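You will see chain A twice below: alongside chain B first, and alongside chain C after that.
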Partner chain A sequence: MKVHVDMSICLLHGQCVIAAPEIFSFDDAGGLVWVAEIDEVQAGDAEAASDACPEQAIVLG
Partner chain B sequence: MGGPRITIVGASLAGLRTAEALMAELPGARVTLVGDEPHLPYNRPPLSKDGIEALAQGETPETEVFDKLVLRSKLAPGQVEMRLGTAATGIEGGDVRLADGTLIRSDWIVAATGIRPRRLALSGAMDRRHVLRSFDDARALAAGLRPGARLVVIGAGFIGCEIAATARKLGLHVTLIEPAPQPMLRALGARVAAAMAAFHRRHGVTVLTGRSLERIEADRVILDDGQAIEADLIVEALGSLPNTEWLAGSGADLGDGVLLDARLIAEGTENLLAVGDIARFANPLFDAVPRRVEHWCVPGQTAKRAAETIAARTRGEDPAPDFAPMPSFWSDQYGLRLQAFGAPTLAETQTVVEGDLSRIGAAPVIVEYARAGQLVGVIGLGANPATLARHRARLVAALAPSSPALSSNVTA
Partner chain C sequence: MTQDALADDTLPFLDVADPKFSIRSQAVLDARDASWCARTSYGLAALRYDDVQKLLRHPKLRQGSYRWPAHNGVTGLFARWWEAMLLSQEGDTHARLRRMANPAFSPKLISSLIPKFQALANMLIDQFAAKGECDFIADFTEPYATGVICDLLGLPFERWRELADIAGEMGLALGVTFKQDLPTIEAATQRIFDFAEELVAERRARPTEDFIGMLIQANADQDQLSDQELLDMIVLAIFGGIDTTRNQLGLAMATFIETPAQLTLLSERPELGRAAVEEVMRVRPTVTWVTREAVEDFIYNDTLIPAGTTLHLFSQSATSDPEIFPNPGFDITAERKPHFGFGGGTHHCLGHFIARGDMTEALKLLAQRIKNPRFNGPVEWLPDSGNTGAIRMPIAFDPA
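Right after this comes the complex of A and B.
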């Protein structure tokens, strides 16, 4: 599964970092970083992160 | 044999997420989603910020503004039956009666009817008075948000403060009137609330606290101290009332929202659950007091829990005993992100652990909130998300059920 965050929409609420810390995290400068390609085991976490995003900025495919 | 018939009343974030979680947990469930608004489920937080800004500027077509708010759904077309534009009027013999007379047979009912704005108990100038809850409210309000217009916002909670900030950005003259000594006082505590009042004043808002409205005249409002304020436009942002009237006769405790047990089943009922803004439940992270919490994350958290309960009971099991979601909320005002975790509202003391409250907006500030010496919340104002994430982790550890500090402080 591919993970993409539309950074033109993202407002850095960080809800994805809480929902799926193995996929999403903040770098020291406070920027959002994520694992772009995940396996099926992590799909549920990625979907939880996508649901938790108040800006609907996370695209899974 | 088909799966259970589940009727979800309320087609906003909580109702939609409940339907999705149910279909994931119980693929055979026969779910009906009822909503009184004609619109597809949409996201409300932008309404007081980018939403009304875009609607007021009028450069983007209304339909495009709305399309951006529509909640993406994991439901396949036809997977649940949608009954939009129809309110539920009551429960009859365990089934749901709709305004058009239809009775929807239900094995389970999930109440997700949310809240509505509380109105001022004053008459006058009805054509200039607005509230903000729905997209249609936002459309009506935005039509009056013209540069140079004089806006009076009654109530300085988060919605009132966000509307004030957006209106300033749009070039309006803004007066914010709040009966409490500070804006957002209950949510933020005295020190942070006072700093936010100063922040609003620095952005040109006239903040009048400790004042209430005496009467409303054609083009002005009169305060309780006799002061008159010219108003082209009035927003009532006085908090909310739970939409639970339709549940009268269900046997549920509707004292403030719907009183629920840890499974989110309404006390006094067998098959009624509630989710989202109307859900009143105790969060064992803090204590045994049931509370209604109007944060954006609550619908998602309670929807998942409600689906787990119905799925477990359908299998003849009980869901896991504890439900202890970590609260999280935020607000955006003048480009400043206020981000909170935990329950600052329960705290007695606030400690600035980073930055300086007099410099809100100019430099990051992080404040910790404690009750009886126990960390219960943290708020970041313009804080680096990575730094704030570390503070959240500290809070999670402090609130962990095994924490001896917590168990000694638990009171009912």
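Right after this comes the complex of A and C.
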């Protein structure tokens, strides 16, 4: 599964980091980083993160 | 040397603890022109859009309103709950509770709830439409906000008045008259915990598939959700859902009464319902400030902010900041930068998809069914700071 974050609408709330810390994290400069390609085992966490995003900025495919 | 902000008497001072203080006053506008921040009775206030946006998610800040009871010299039942519940937690405990609660507030649930929101709004409007007048709070926003929570948590709608009263009385804790209103707040807190305990006993006997059922399942493992956390979470879901939506819808009606052409526009173009919610929350948020606290000394805008400082981020003044909103008037067709009415960052409002959904349907239907609304007697307001809103709002209107 591919993970993409639309950074034009992301407001860096960090809800994805709480919902799926193995996929999303903040770097030292406070920017959002994520694993772009995940396996099926992580799909549930990715969906939880996508649902939890207040701006609905996460695209899974 | 960098000046300690709390000791810097060149910064404006705002007496925000005074119940007569208004977050929309000239003093706040002047302070915002003069400086990015003001000193306040509690610490500092950030006044401008860019600073509020940055400070909402600043790594040197934690959620700060856990200190609100202490700021008001208050202890007791409400304070115990407030300091323990999800919003006041940080780190691993916060993440565990938030992950648990998230699925019950997922955007995927909204489409199935919309017909329920519409039926509830129509049922309530039916009761007063022919009379051409109502108390918009007692007759609409309270039963509506409470009815949505009843739907969501499977609570008996027949008890809406009792639950709305409890939420309204507990909500007094989020204003600057917290200490003065303490007996009322404590009694309401006792009643909501009694209600939650009753509910848990009932759902243990007859399990449900909803949010409460899910919490009770999690509670089977005390490390996942302790007995106290279970009750605290149920109280948060009931209180948090009712009080804020009640207030925000009242503020919406007041805003439309002051700018009637916008209500006409919404009745002609119901697809603007969601934009109307966002615009109301920009110009008249019930949550007029969001609170943070410095976890260590840090420098921001050449200002030293000492560890332990409370920062009130003034959502109200930030989203009327002329630097960002050169035409700040209420306009439901305008493209706007995001407001801060749901807070932001780790503690962004959990129930915002539901709140946005239910308020959108309510405003659309009100615009269609209530024409030319006007105030029909004195409106009773909470202090114009903290979590604000109307307690009583008599209105008259022309039935559609």
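Criterion: the second predicted complex is superposed on the first by the 61 of 61 C-alpha atoms of A that agree within 3 Å, B and C clash if a C-alpha of one lies under 4 Å from a C-alpha of the other, contacts with A are read in each partner's own complex, and residues count from 1 in each chain.
Keep in mind that, in the parts below, contacts are C-beta pairs under 8 Å (C-beta built on N, C-alpha and C of every residue); 3 or more make two chains touch, one makes a residue touch a chain.
What you see is a predicted model; the values in this text were computed from it and never measured.
In the model built by aligning both structures on chain A, chain B clashes with chain C. By the touch criterion stated above, A:Gly30 is placed in contact with chain B and with chain C alike.
For chain A, the partner that touches more of its residues is B, with chain B and chain C as the two candidates. Shared contact residues on chain A (touching chain B in one structure, chain C in the other): 11-15, 18, 30, 51-52, 54, 56.
Those residues of chain A whose C-beta lies close enough to touch chain C in the complex are 11-15, 18-19, 21, 30, 48, 51-52, 54, 56. Of all residues in chain B, those touching chain A in their complex are 17, 20, 43, 45, 71-72, 74, 296-297, 300, 326, 328, 330, 332, 337, 339, 384-389, 392. Within the complex formed with chain A, the chain C residues making contact are 57, 59, 94-95, 98-99, 102-103, 106-108, 338, 342, 344-346, 348-349, 352.
Across the complex, chain A meets chain B through its residues 11-15, 17-18, 26-30, 32, 47, 51-52, 54, 56.
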